[in-house]
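Two complexes follow with chain A in common, the first pairing it with chain B and the second with chain C.
Up next is the complex of A and B:
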C-alpha cells in the first residue's frame, strides 16, 4: 500500500511532520515496512480537512499528531486486507 | 506616484507588453500582434515618451520580440534594443567651466579622434566624433573635462557593457554575468531581459487543468516584499486561479541547500555559495583560480525542483522570482531536469492582470513549507546566519562573510586569492542587498528587508531539520535516527 501524507502548506501547519513521524514509528514497530510505503505529497486538495492522508485510493482526513496512531489502527490497517 | 506597482515607467512598459501578449495568447496568437499590440499600448497620435509615436511603436515591437523569448541565436538572457538605445541622453565628455582656456591644449593632443577643437579659447567636443574614451579627462591639468558614463555602463559591475562606434550599448557575452542590473538601471529601457512566459503558458495549457500532469510554481522568498497591495496568501490564491496546481516555497529548497552546504564547508574548509548563478559566473570569469571553492550544492531553485519531482515524477515546475540569472540557470545541465520554466515577479503581475485576477479581492491560501533560515535566503546575510547556526549545532568552525553586490564580491575574492582573507565561508550575491533587490522585482527599497525578516520569523519550522527529513523520504534515503 502507498500511504501518502500531505505536506502542502495548510497540512504542514496542522502538523504533517508529526503525522509522518508517527506513521514511520508505527510501520517500524509493527514490521509493516514491506507492506506500506510511506510517501509525502504536496496537497491532496483536502485543505480544510487536513492533515490529509491517502492510502491507495482512500482518503483519511483530519489526522494530526495526537490521533495519528488511532487513525492508523482504525482506518489504515483495515485497508491492508 | 503614478505607478502603483512599479518603480519606473520602463518596468511598466515591459509589463504592458507581456500583459497584452498573454491576452493575445488566450485568443490564439498570430503575426498580427506585432501590428496590434504596439498600437494598443501607444495609440497616439502624439508621442508620449519618444520623438514620434512610430518610434515608440517600433521599440514596442522589439519589446514584444523579447517578451516572446528574444533572439534565439543570442545565448544571453539580456539583450540591447538598439533603436531604444540610440537616444541615450548622456553627453559623454563634458567640458566644465573649469576649462581655463589654456594654451597647451593637451586635450586636443590626447584625443585619438580629433573631436576637440578650441572655440573662443575653450575646448569644445564634437559629439559626432567623440568615442568617450576618456583620454582628454586624464590629459587636462585642471580636470576640466569629465566623462559622464551611461547608467548601463555604471551599473555593470562585471564590466561587460561597452559603447560601440554607433554609440550603442553592446553587451560582451563573455563577460556578462546576467545579473540584470543594466535592465533595471537603463533609464530608457534599452536593455531588457528575455521572457519565457509563452513557455509557461504552454506548460499550464497543456496540463489540461492539471489532469495530464500537475504544474507547480515555486516562488522565491523575495516575493514577500512584492505585491504590497495584497497579502501573500491572496497572491497564492491568485496563482491557483492562473492554473498552477500547487505553489511551494523555493525556501524549502533553500533549507536543503543550506543543509548540504554546511556539510560541504566542513569537508572542504573553504567554500563560496552557489545559489546566485550570476555570482557563480562572476567567479568563473574573473577568478578562475577560486572556482574550485564554489559549492557543488545545487541552488535552492534546483533543490526545490528536485524535491517536487521526486515526490511527483510527472510534475512540471515553474520558478517565479526576482531574477534575470535564474532565466539562464534553469537551462543549464545542472537544472534542466528539475526546472521547466522561469518567470519573473513582473511577469506574474502581467499574468494576473491579463486574466483579470485582482488578488487583493481574493481569500487567503496558506503558504508555509520552509523554515526561518530558508526564507531569509532572500536577503544578504541570510545564508551566513544559517551557516553559523548549523556550524554551532554540528561542531565545525564557520567564519562567514556576506558579500552583497559584485563590488563587494570582487573585494573579498581578491583577498581570498592572495590568501589574506580571514573568512572560510563566502556568501555571494550579485544584487546589492540580495535577491530582495533583484532586477525583476516590482519594487525595490529598504522596506523589502524588513518584509523578508518578518516573513522568516512567521515560519512554523524554526530549523531546517524537517525539510531535510522530507527530502530524504522523497528521494528514498533512510533517516539516521
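Up next is the complex of A and C:
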C-alpha cells in the first residue's frame, strides 16, 4: 500500500509533521515496512479537511498528531486486507 | 561583456557600542556602482556620525561624477572637529566600478585592498597622489568574472591584539586566511561574513574596534525564476507556465497547487520528500526539469526571515545557509547563487486557507517584502502578477 500524507501549507499547519512521525513509528513498531510505503505529497485537494492522507485510492481526512494512531488502526490497517 | 557587480558587507561593533563607527554606503548611477567604506575616528556615536557624514558625502558626490579632490575638500569642510583630538577624521575606501568590471578604487588610510582571483590572493597596484595634504591611493580596476576585491577597516588588522595574538592579525595572515577559506561560489556577502566572523573569534567575541569588511565581486548574470501561487484564471495556466519556462536560468516552484500546475503543464509528476530537515518547514518536492520545488507560504515566510538576517550587517552566519530544508535551499538559491530574480505571482485564492496565516493576501505581502529585500541586496528583481 502507498500511504501518502499531504505536506501542503494548510495540512502542514494542522500537523503533517506529527502525522508522518507517528506513521513512521507505527510502521516500524509493527513490522509493516514491506507492506506500507510511506510518502509525502503536495496537496490532495482536501485542504479544508486536513491533515489529508491517502491510502492507495482511499482518502482518510481530519488526521492530526493526536488521532493519527487511532486512524491508522481503524481506517488504514483494515485496507491492507 | 556585461557583468553583475555584486556587493556585500559585514560589520562588527566595538564591544559595548550600539552604533558602529564604520559605515558602508552604496549608490548606483547608470551602469556604475559606487561603494564606500568609511571608518570614523574613535567608536560609538562620535565615530558613527563621522563615518555616516563621510560615506554619504563621498558616495553622493563621487556617484554624480564629481572629482575626488572636490569631494575631499567638501569632506574636510563638513566634518565636525573632535574636541579631544582636535582633528576631524574619517578614513575611506571607495569603489567606482561599471558593469564591465572597469573603474577606480580610491583609498585613504584604510588597510590596502586585497584582490582574490582564481583562488589566489594578491595586492593591487596602487598609485599614490597627495590631495590637500593627504596621501590618497588610486587603483585602476580592470576586473574579470569571478574576481573579488575586499576592503576593510583597521579593526580587521587589530583583531586579537593582546588577546589571541601579540600584534593583532597581520596582513600576510589575513591573506592566507582568505586564500584558504574563499570558494569560487561564495558571494561578496559570504566572503565578508567569513572574514569578519574570523575577526570576531580572534577578538573572543568582544571586538576592541569597529570591524568592517566590504567585498565587491564580478559575476556573470545568474537568473532564477520563482513560481509562487496559481494564476486567478485556470485557462491562463498553460501560457503562464510557458512564459515561466521560457526564461533562461534556474527554476523554483513554491506551493502545493503551483507545483501540480507546473508538473501538469510539463507532463511530469510531482513527488515529495518524506523527511523533515527542519520540523517547521514542509519537505521539498521534486519535478523533472525544475531545480527546486517547495511548499508555499510557510517556506516563503522563513525565506523572508533569512533575508532579514542576510541584510543585517552584524550577522556573520547569515550567508552560510547550509541546512537542507526547503526554505534554506531556496534562500541559498536566491541570495547566494542568483543575480537576477523573476517572480511569477499567482493571486488565486484557496478558500481552505481563509482565516489561516497562509491566505493569499498574506502570501502576496511576503513575496513583496522578499522582492524588496532582494533589491536591497543589489539584485535585479521583477515581479509579475497573474
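What we mean here is this: the second predicted complex is superposed on the first by the 81 of 81 C-alpha atoms of A that agree within 3 Å, B and C clash if a C-alpha of one lies under 4 Å from a C-alpha of the other, contacts with A are read in each partner's own complex, and residues count from 1 in each chain.
Note that in this section contacts are C-beta pairs under 8 Å (C-beta built on N, C-alpha and C of every residue); 3 or more make two chains touch, one makes a residue touch a chain.
Values in this document were obtained by computation on a predicted structure and should not be read as measured data.
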Partner chain in contact with A:20 - chain B first, chain C second, else both or neither: both
First, second, both or neither for A:42, with chain B first and chain C second: both
First, second, both or neither for A:58, with chain B first and chain C second: neither
Partner chain in contact with A:70 - chain B first, chain C second, else both or neither: neither
Touching partner for A:12 - first (chain B), second (chain C), both, neither: both
Residues of chain A that lie at the interface with chain B and also at the interface with chain C: 7-10, 12-13, 17, 20, 38-43, 47
In the complex with chain A, residue positions of chain C that touch it: 255-257, 259-260, 270-274, 276, 279, 282-283, 285, 293, 295-298, 350-353, 356-358
Residues of chain A defined as touching chain C within the complex: 6-10, 12-13, 16-17, 20, 38-43, 47-48, 50
Residues on chain B engaged by chain A in the complex (per definition of touch): 216, 236, 245-246, 248, 308, 311-312, 365-369, 460, 466, 469-470, 473-474, 479
Chain B contact footprint on chain A (complex, rising order): 7-10, 12-13, 17, 20, 24, 38-43, 47
